[in-house]
Every structure is written in C-alpha cells, then in structure tokens.
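A, B, C, D, E, F, G and H are the chain letters, set down in written order, and residue numbers restart from 1 in every chain.
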Amino acid sequence: WRVGYPEVIFCSGKTVEQVKAIVKAMLEREANILATRASEDLFEEIRKICPAAVYSSLARAFTIKRKALEVSSGYIALVTAGTSDLPVAEEAAVTAELFGNRVERIVDVGVAGIHRLFYNLEAIRGARVVIVVAGMEGALPSVVGGLVDKPVIAVPTSVGYGASFNGLSALLAMLNSCASGVCVVNIDNGYGAGYLAGMINRL
Amino acid sequence: WRVGYPEVIFCSGKTVEQVKAIVKAMLEREANILATRASEDLFEEIRKICPAAVYSSLARAFTIKRKALEVSSGYIALVTAGTSDLPVAEEAAVTAELFGNRVERIVDVGVAGIHRLFYNLEAIRGARVVIVVAGMEGALPSVVGGLVDKPVIAVPTSVGYGASFNGLSALLAMLNSCASGVCVVNIDNGYGAGYLAGMINRL
Amino acid sequence: WRVGYPEVIFCSGKTVEQVKAIVKAMLEREANILATRASEDLFEEIRKICPAAVYSSLARAFTIKRKALEVSSGYIALVTAGTSDLPVAEEAAVTAELFGNRVERIVDVGVAGIHRLFYNLEAIRGARVVIVVAGMEGALPSVVGGLVDKPVIAVPTSVGYGASFNGLSALLAMLNSCASGVCVVNIDNGYGAGYLAGMINRL
Amino acid sequence: WRVGYPEVIFCSGKTVEQVKAIVKAMLEREANILATRASEDLFEEIRKICPAAVYSSLARAFTIKRKALEVSSGYIALVTAGTSDLPVAEEAAVTAELFGNRVERIVDVGVAGIHRLFYNLEAIRGARVVIVVAGMEGALPSVVGGLVDKPVIAVPTSVGYGASFNGLSALLAMLNSCASGVCVVNIDNGYGAGYLAGMINRL
Amino acid sequence: WRVGYPEVIFCSGKTVEQVKAIVKAMLEREANILATRASEDLFEEIRKICPAAVYSSLARAFTIKRKALEVSSGYIALVTAGTSDLPVAEEAAVTAELFGNRVERIVDVGVAGIHRLFYNLEAIRGARVVIVVAGMEGALPSVVGGLVDKPVIAVPTSVGYGASFNGLSALLAMLNSCASGVCVVNIDNGYGAGYLAGMINRL
Amino acid sequence: WRVGYPEVIFCSGKTVEQVKAIVKAMLEREANILATRASEDLFEEIRKICPAAVYSSLARAFTIKRKALEVSSGYIALVTAGTSDLPVAEEAAVTAELFGNRVERIVDVGVAGIHRLFYNLEAIRGARVVIVVAGMEGALPSVVGGLVDKPVIAVPTSVGYGASFNGLSALLAMLNSCASGVCVVNIDNGYGAGYLAGMINRL
Amino acid sequence: WRVGYPEVIFCSGKTVEQVKAIVKAMLEREANILATRASEDLFEEIRKICPAAVYSSLARAFTIKRKALEVSSGYIALVTAGTSDLPVAEEAAVTAELFGNRVERIVDVGVAGIHRLFYNLEAIRGARVVIVVAGMEGALPSVVGGLVDKPVIAVPTSVGYGASFNGLSALLAMLNSCASGVCVVNIDNGYGAGYLAGMINRL
Amino acid sequence: WRVGYPEVIFCSGKTVEQVKAIVKAMLEREANILATRASEDLFEEIRKICPAAVYSSLARAFTIKRKALEVSSGYIALVTAGTSDLPVAEEAAVTAELFGNRVERIVDVGVAGIHRLFYNLEAIRGARVVIVVAGMEGALPSVVGGLVDKPVIAVPTSVGYGASFNGLSALLAMLNSCASGVCVVNIDNGYGAGYLAGMINRL
C-alpha cells in the first residue's frame, strides 16, 4: 500500500462511538480517511476529534485528507441521468477524488432529453473510464456505452417508484445492456463505482 | 362493428381441429380473419379449407382478407431494436395492416448504435402513433419517447438471456420510462400493440 | 411546442429550495406549470412566490395556469375502481386538464359491484380514450376494455395488502388483459396516464 | 369413510408400473377410483388390467366407477373463462362428479365479453357453490363473486404468456379479489377445486 | 339481502371524516355494521356519533349491532397456530359472528407442539367448516386438512421475519397443501376467511 | 483424510469422457467413489472401466466401494413425505451409507396422513440425526422437529406444480420452521443432506 | 426434559404485559429462561419482577439463569464476517451458552480480508460444530466449509443494501454452497443456529 | 476504429442463412470476425464459405482472423471456479484474445478448495485486470477481490440447481461483494467480460 492511500469506513449500521473509535485508530496511521453513509450528526461528533474532517452533505460522506495523492492525468467522466441520482454520483466522485483521480461531472443528461447527452459527448469520450448513474429504467449506460469506446461502470439507483422496485428495474436493465464494455455495481453503490473507476483510471 | 372488421384467433394451445372449426364458422360471416401464434403446419391445414389464406412465417400469423378496410391516411411507425425482435414486430405489423392501417417499419435502431435512430427520426416523427419493440434492457422506448411528441406503445420482447429473465428486464424498464407518453403491453405481445396502435391511428 | 404548453416538475425527492428554484425559472418563461407529488407544506412555500398557484390535496399536485390551452372537444373518460384509488386518478385528471383536455370522472365502479359500471357505460363509450385506475386484483381495465371500442390506459395502484405486493398484482393482471386495446403504465402513475390520454385525445 | 367414496391417484411423476400397482391394490377394496394427470398411454396400460376404466382426454384423468355415490340435489356451477382453461375445469368436473355431485358447466364467459356471463347468471346463482377457472389476468372470479351470494372457489390456470408467469398473475389477482366470499387453490389445481366444491355442496 | 345483514367498511386508507360519513349513511338503513382495520382513535370518533358501537382492539374492528342475525346451529372452528396470529384470527371471528355464526376458537396449536392440536381434534371435527390461521411456514392447514373431513379455509399471516417475506412463505405453503379440501385467502385476510366460512356454515 | 474416505463426483453437466477420466484418476488412489446425478447410460460406460461399480437407478448415483468404512453404531433416520420425494431421499441414503453410516428409511409419512408419522415415531426418535425430505408445502420437517429432540436436516424437493415454483415453496416453509433444531439444504440436494447427517452422526 | 433446560420466549410482536405473564408462569417452574428480540425497555420491566434477569444489549436478549447446565467439553466455533453481523451472532452465542455449550467467538474474518480467517483456523478446526454468520454476498460459510471437516451452520444476515434484498442474496449463496457439510437457517436467525449447534455439540 | 478490430455476431436466435449473410458482408470489410453462441452445425455451414474460420467447441464460438491485432504486453487473468464454468470462461478468453489480449487461464480454484487459489496468486496478481467466473454461490470474485489490487470483472454462471435459480444466486452474491474493485456482467456473459477486460487491459 502506498503512503496516504485512503482507508474507508462504511458508517451505515455503526454507532457514533464505533465510528469514532475507528477514526481514532486510523488517525494513528498516515492514511487518508473516507467515511460513507455518514449522517450530518455523526459528522459533527467526528469534527470534535478531528477538525480537519470535511463533510459533503450531498454525498453523505466525510473525508480526512492528510497527504494528498498525486492527481491522475487521465480523468473519469461521471455521467448522471437526473437530479435525484446526484447523491449516489457524488459518493462516487468523493471516493474517486480522494483516491487521486480527476473527475469530470456531466449531470442531468437522462435519455428522455438525449440532446443534452450529445452536447457533452466530447467530455465523455475524453475520459479513460466512464461512470453512468441512473435510476428508473436505467437506459443511460447502454446509450453511453454505444457512443463511447471506454469502459463504462453502470450504477443503478433506487430512484423511482412502483415497478422500479427500489432500483431492481434499473439494475436488470444495466445487466442486459446491449452495448459492449458495460459492467454493473450494486444499487446505489457510488462508492464501489468510484473505487473501481479510480483503479482503472490509474492503471 | 363495421363490415370487414377482422375477427381474431389466438392459436396457441388450440388443436388443428379447433382452429379449423373456428375458421369455418368465421368464413360464414363477412369479417376478415387474423390468426396469430400459428405454426406453418397449422397453416397448411387451413389452406386446404381456405386457399385464400396468406401466411407470414416471420410473424407466425395467417390472414384471410375478404374485403379490405380502407387504409388510414396517417401511419404507424414501427420501430425495432434488433433482428431477434422482428417476429414480435411483424405480428404487430400484420395486425395493424389487416385493421386498415399504414405501417412504416424502422428496423435495427437499438440504443447501442443510436445514430441509426437519428437517421430515421423524420419517419418516426411523421407518424400518428409509434410502436417500439425491444428486448434485453428495453431502453429504446424511453429514447424514442424523449424525441417524439406522439403516443409510444412499448413492447418488451423475451429476447436476451440470464438476467433478462425472458423479457422481465425489458418490461420493467419500459414501465419505468422517464419519458412522458409511453405505455406498455405484455412481453412479446405484438398483436396487442398492433391493435392498440391501429385504434389510436384511426381515431 | 405551443405557447402555454405545460412544464412539469416531479417533486418527489426534491427539497423545497430545489422546487422553488425550478418554479422561479419556469415563471420567466410563458408555460403553464404542473408539479406532482407535492406535499401541502411544499405548496405553502410555493404560494409565497406565486400566489396564483392552486393546490389539489387529493392529487397532491399544484398547478400554475397562465394561459389556458384551448379545451378539447372530445373527452377522456376517467374510471376508478374504489375510493382509495382516487388520489392516483386525480393526478391523472389534473394532468390531462392542464394539458387542455376535458375529463369525465366515473368513480367507484369496481368489479365487485359491476352494475354501477353498466349505469355509466354511455359516458365511457362516448370518450375518445379511457383511463382505468384500479388496485388489488386489477380486473376493471379488462372488463372496460371488453365493453368499449376505444384505447384503454390501465393504471395499477398500490392499494391493497398482503399478496397485492404494493400494486404488483394489479400490474400483472393489467399486462395480461384478455381484452384488446389495453395498455399499462407504472403503478400509481396517474401523471403518465393523464399525459398519454391527453396526447391521444388531442390527436 | 362411506362405501364407494373414491380413492385418488396423482399420476404425475409416477411410472406406469407404480400406477398399475396402486390401481391393483385399490381394486381389492370397494372404493371408486380417480386418477389425475394421466396420459393416454398410461390409461391404455390400465385398461388392460381394468376394462371398466374410463378416460377423459380433456381432463387427462381416468375413473373406475364401481358403486355410484348418490348424486347431490344441489349443484356446483363450473364457470370457465376461455377455451384453454377447459382441461383444468374438466379435471374439476370429473372429480366433483365422481364424488357424487351434479355439475353445471358454463364455458367461455371470460371478462372480455362479459355479456355472455350475464346470459348465464341464473344458472350460476342457482348453485350451492361456484368454481371459476381463469388464466391470464384472472379477473373472472371477482366479477362472479360480486354477482353471486355463494362461495366462489377460484382456480388460476397457467394459460397465458410473458407476464402471466405461468399462472402467477392470475393467482395473485384471485388472492386480491375485492369481492367477498372468494377463496383460491393452486395454479391448474382442478382436482382441488372439484374436491372442495363437492365437500361444500354436500354439506 | 335479508334485514340486518351486515354492511362492511374497510377503513384502511380512509380518513376519519370519510368513515364517519359512511357510518352515518349506513345508520339510515337497517343493517348491522362491521368496520375492519380501524384504529382505536378512529373508533373514539365513531363512538361520538354512535354510542352503541363496540370495539375489539385485538381484531382492530368495530361493530354496530342493531338487529342480531339468528345464530347458526352448526359452528365454525377457528384454529390458530401462535399468539401473533391472534389479531388476524379475531378479525375472522368478529366477522363470522356478526354474520350470525357460532365460532369455536382453538388457539396456539401450531405444528411445533402438535399434541395440543390432537387434544382439540373433537372440537375441530365437529364444525361444519374450519378456518386455520398460521404464519411462518404455514404448515398447520395441511395437518388439519389431513385430519378433518370438512372444508378448510387457510389464512396465511405476515407473522415471521427474514425468509417469511411478510407472509409469502406461509401463503405458498398453503397453496401447495397436499391435503384435499383446503383453499386459501390473502395474507392477513381474516375478514375474507370469516365471511366465506360464514357463507359455507349457513348453506 | 482417513483411508477409504469417499471422493465424490457431481456428474451433472459433465461429459462421459470427463467423468471417465475423473474416475480413472480416482481409481489410482484408495478412496471409495460416489458419483451423483449420473444417468444409466453414463453408468454403462463406467462399468466398462470398473466392473465393480454399482448403480442405484432410484438415486441416480453409482458407487465404487473398495474398502468399506466401519459402520456407525448410531443411525440416521431418513423420513420421506411422498413417493415422488424418493429419488432425493435415496441420494441422501446412498451418500450417508457410503460414508459409513447406518440409515433407517421411514417413507410416505407426509402430513396429509399424519398418523403414519406417529406409527414410526420410535424409529425416528432413536436416531442421532434426522433427515426429512418433502416437496409441495414442505410442512413435514416442522412437525418432525416438534416431536423429536435431535438435529433435523430438511431437504426441500422440486415435487409439485404451479405455486410450488419448483421447490421454492417447500424451501421457504422449511427456512421458516417454527420448530427449533431444524436446518435446510438446497432444493433436491439429497447428497448435501446425506453428507452432513453422516458428519453429525459420526461426531 | 432435563432439569434447568431452558424455556424460550420470542418477544417480537408481544406486548410487555404478555411477556411479563409468560415470564411469571415460567418462574413457577424450574427452567432457565431465554427471551430473544427483547428491547431494553421491555427488559427494564422484566427486571422489576425478576432482578436476576441479565440483558445482552448486543444480542437484544435477556436470560434468567437458575440452575446452570453443565458446560460441554467440546465447543462451538462462532465465526462472524463483519461488525454489523455481531447482533445476530451474539443471539446465537447467548442461546448456545444458556443451553450449556462453550462458545469460541472468531469475529471480523469476512472474505474481503481472508488472511484473518487463516490466523484463526486452528480455533475453528478444534470445534465440534461451526456457526458462520455473514450478510451481503454470504461467501464465508463456503470458504469455512472447504477448510474445516465439521458441520457448518450458515446464518445469513440482513446486512447490506440494494441487491442484498434484506438478506436474500446471502441466503441464496449459502444454500448453493459448493462446500459439503453446510446447512442454512433463516435470515438473522441467530437463535436457531445457536440452538441447533448446541444440540449437535452435546450429541 | 482501428484496422482489424473485430466485428461480432451473436448467433443465438439467428438462422443459418442470417448468420451466413452477415459473415459474407463482413468478409467484404477488413475486420476480424467473432461469432458467439454458435453451434457446431452452424459452424460447418460457415466453413463452406470461409475455410479460414476456426471453431472452439468449448466456447461455442468461431473466429475468422485476417489481420492479427498486436498482442498486449499486460495480460488478463481468467479465473474459473469449477469445470462447468469453463464454457463461459472460454467465451471470455476467445473474445479477449481476438481483441489482441494475452490471457492467463487459472482454472478450478473454487472456494471449496481455496488452497488451489493461493498456489496461483502470483499469476493473478501479475495481471492488469482479472475475470472471475463462478456459478452456484458466486463467492470466488469476493475472495479474489480481497487478495488482489486490480479491477475484478465477475461473471456469474447458470451452473447449479434448485435455489441457484439459473445463476441468480451467483449474480446477487457478486453484486453484493464486500471486496472493493469488483463489477459484474450478465449471467453467462463471457463475451461481455472478455470485451471489457480487453478494453481495460489495453488502456
């Protein structure tokens, strides 16, 4: 492991005391720290023991940067279908950035208004790897995958209602993508997409 | 019911004798006849009692035209994602045509190669109503729905494997379409789409 | 797009501030505005910046009418199975009406007391297009579809318990309708049905 | 157990030899015999050891009547939605009849052509108990249940395709019936419905 | 309909004002009244307009008796697997009793301690019809069905956790019962079972 | 590994050549050999290279015994609900026996005729561990688990039709058993149950 | 039953008064008492009537020990994948210990950091029976089962999000384990695993 | 697109004539050709029009190489759990190799015998990207993902029976992997994994 390489805490289902203890232990080491699924209240407690911690309320994550990783020259294109998909996308962004990657955000380019996607095609095609975040019918990764000759990491979100079945519909659509070069992570798993994209970007 | 208005037989799960009997009874009346899910073998038997019957092997349907309905001035755009979706699409076409509708076929414009869709946009936009047939991730109706200001009837097909779950994936995607003006019929239900589109086209 | 043609906001999962900002931007343009899935609290905030806004608590939607669309001569029949289906039906009605359609409401005609449906048959048959809203076993669209020679848009609702699986039972029933001319939208998607019915009604 | 009360064999998954052995053992006793899910080939073998056996190819069942049960005065109404539901309905009829019940068959009265149901209402209302057999959207039991003040046994069939999911759609619809007095048996379980209806009829 | 025959309100998803209005209208007629899925708060409001109303907190139902139906001579055996199944069972009991049936309750005889069932076998066998209420693995109706020569109405409950999937496990088990004479109603549908059992009991 | 301890081949999805090669390699060692999911045709080929091989057509398995394991003093009770469950049960028996266990078979004691179970209770209670094989509603393991103070291994089978969903119904029932001391293996996994029971029996 | 052998209460869905009454009745007998799924508030009420009661907040269970069972010489290895699985594991531990078993806890050895599992292999191999608790992908029991020649009881937990479907993913994985000697209990069923492991350990 | 870059045919659901026509058209261009899901019979027909075609019966694919792509310096590690997963793995290998990648195969290292995985760890760690193919419980990608600091593409296979639900179990497990850096493609989608791995390897 390289110096500074982040350590990660998944806060969901952990008490404030448990997260605090983990953070304290990590602070004894040199690593940067990323904590996902963290409420604002939890963060307030952490700030007391580590004033350098920074919170992203959109991503519901906090980071503690101690020694920045060198930023990659290539970048990750992070493409989002709608406004409600932003929290998942931002979790991916925070993750990828802390791991030393440059991230270009292209938001609100869902397939119902596909011209917006085309306006942004150059930015997407210039990336080394693309993350596409979408809920409901989950069609965007297939469209992007057909337009771009780069690995596409599809992130289904639980956005929707009724037959979206909390993201199952988007997940299935993405697994069945007719475009080559598309892979899928778990529903709402922005962290996983950001981590994997960073790994690929820095190859 | 107007004179000539077709009567329909769904052959699946009926014996040759049963279909023959139904056809004979219908021939006593004046209606045109449409029989769907008909094997070639079944058709050969029918031709013996009605040489005027015509078989479409792609649609797996036969028709007996006796008095053509006046053809509509407006038309139905019938959009197909891939080659394997053609049988379902053709079932829709045969149905709509027998009910007196003009049908424009736009084939092989799936989202993995979306430029092909754009080449055909004028033909689609000129229709009164659009049928979109797609399997796998079922993304095409959302894209078309976003580009066109006409009713879109989405037909999921059982094309695919694995997590397509015999068309469930496409069905769910279409039900969750983020585009306005999209409705859905049963998996592989070309007949239902053709019938409904004809009804709307002739309003 | 014609002048006055409504713009739509889907409020679910948006903060008050986000909706306010969208409304303000829309008010700079000339369009009518429809906002669905809006709580009463959210509406109170919007009224402060736009006193002309009108709230339907049944539909959980608000509208801002600036230049009424010419009302259609034909009408949409909006048929509802039970009392609990009314909110979804009313979302459809508010949508269709803002888009310039006449809507006839026929309520409480579920299949358990089917004589009520027959009393209202003339009103349903007179429409250009029919919306049928039902939960639980979702049988009503099939019955209506068999009685009426017009396009039927079926809307499953999440009304029920146990094996209704939040509307899945009704959804599946509607997709398998044995009546011709029936299509389906997502569970509880009154907006989608109202929009599509309006589109068909104004063809 | 009364003399002559039938013994039942469920042939599915049994070899010819196994069924033969069971029949032979039963013949040593006085009971009537019912065998369901029996192929024509299997029956031919049975006829060799018991020429009195009678096969119903529609029901795919054979019976061996030795001492007829006294026939009930009240009767069972057996209502069927479509032609493809007939085999399941006939399994119910054969069962109920062998158990000494009078059965009135009312066929082909599915909800898509509901006037046919009304023509037959007197026959249905005159029964002590009603069996309703339907596939696809499974709407018929709810309609019948609303029209009749008698116990209704709903039998979903695997008739349909796509989102009928081999009878699941009909099953769920029937479980969610908004009509009071409706209960459900397994998909395609004509035997179970016939047996239960007989039990109720002879109370 | 006979005089006094109950009218039923399903309160779930209705406002206090709506239920009040329905009760008031019903009070103008002569019928007894049954309201299911009614909270204690709702009942307090009803009592203000009808002091004769009686609440069962276990069944979560209230009744307004005005002219008692003659009580049946035969009775319904109401068999319950565990303590947590009691609310559903009591909904069945309240329903059946208001419709003029005698109900014998046999509680806590789940299959894990099957000797308790045998102690009560006489009481069960003496009934004209049996209701069996069970959650989790839903095995009790099959055992009872094998021991008793009467119609068995199985009611799956949502009792359990994990792979009980809110009653789906019990529902499927009951639908697949290897005992003859068993039918099933919706998960937690005590009302439906009580109504149907009453209908059969009074045949 | 002790001398003679069996090596196992799962033949499903392997070619004759592949199984032959594996058997040949195993014959070079000293172990006994068990091959499950083996067709009769496959066995005929194996017999050519190893005449000592023995086939069980019921279990669809063959064994090659070279040095018998010492047989356990305690025994496994193997309880089967119906005739169609026998192949799965026999796979368990063949497995357990080859691994040196004594197996007592108690067949055809399904819950629809529960008295047969009670006749055999002593044999079941005398075992160190019990395997219970059942399809359809999968109720038997709960009943046995309530009567016996020994570990119960429940094996769901794919026996049934309709809502048995190829064993899913039985599987869910067994996972939700209200009896303590019950665990579950995969649908139709006789091998797994036999292996585990043997392990427990020989502790 | 031996003296002191524990009696068990499943508190979920019981009122404080109901649990109090059960405890009081049990205190009249000599047995030890175990109550699972008990909130801290419930426990406070119980302590008032039985000061000897002891609460485990991690296991959400309380015990009343009156006469300790002799502790087993062999022990149960209790293996946990992650921190969030601890409550389920501790429910198993409390259960097994009250039933007189020695339990060795091996925590936080999930497959993502599999070296930790190897550090603890001796402790696991020394046990007579192994419980493995894991959520998410549920891979740990298969890995342990491959390394250890002892019965493995796999407990899926509802830990995870998205496509974990509240433990379904882990449950399915465990049922499909390619390792021999693995069985499964219900999702989050620590009690069931602890009871069964104790039974096996004390054979 | 670079010269020689392969064109791909998915043969499933295409007739011999259709595939022949596509191949002929492709032969007019310069690209290499890959056809997946091709039966041996189909290949025999293709060889008649293109003797240079090469068939892999394990992968069920044929290739037509015309101008080899320069082979990558880095390589893809292709890890397979069991023998039955080989066809899917080989489809991935054939794909990746035709696209100019070096592939190292590491077979039969499923988690039930995890030591075999450790023997091969160096080969896996040396790759730029790893494909892991597994059915049944789908645990292998999580274990590999925890041991390797490279992107892992997980391919669930339909290998298994019962609760494997044709690969669903493995798919869900892989989506819920607790290891970072793992993504998933469709069940049995060797092609998709090979294509994506190649894309990443050649970045």
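By definition in this document, a contact is a pair of C-beta atoms (placed from the backbone, for glycine too) under 8 Å apart; a residue touches a chain by one contact, two chains touch by 3 or more.
This structure is a prediction, so every number in the text was calculated from the model and none was measured.
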Which chains are in contact with both subunit G and subunit H?
-> A, F
Looking at CA centres, what chain is most distant from subunit F?
-> C
Could you grab the centroid distance between subunit C and subunit F? Build each centroid from C-alpha atoms only and quote it in angstrom.
-> 57
How many angstrom lie between the CA centroids of subunit F and subunit H, rounded to a whole number?
-> 36
What is the distance, in whole Å, between the centres of subunit B and subunit F, each centre taken as the mean of its C-alpha atoms?
-> 50
Residue numbers in subunit A touching 2 or more other chains?
-> 162-164, 168, 171, 175-176, 180, 186-187
A full list of chain pairs that touch reads A-B, A-C, A-G, A-H, B-C, B-D, B-H, C-D, C-E, D-E, D-F, E-F, E-G, F-G, F-H, G-H
Subunit H residues touching subunit F - in the complex, by the definition given at the top | 83-84, 159, 161-164
Can you list the residues on subunit A that touch subunit H in the complex?
-> 8, 128-129, 149-151, 153, 171, 175-176, 180-187, 191-192, 195-196, 199-200, 203
Mind listing the subunit E positions that touch subunit F in their complex?
-> 81-82, 110-114, 136-139, 142-143, 145-147, 160, 162-165, 168-170, 172-180
Partner subunit C, residues of subunit E touching it in the complex = 12-14, 18, 156, 158, 166-168, 171, 186-189
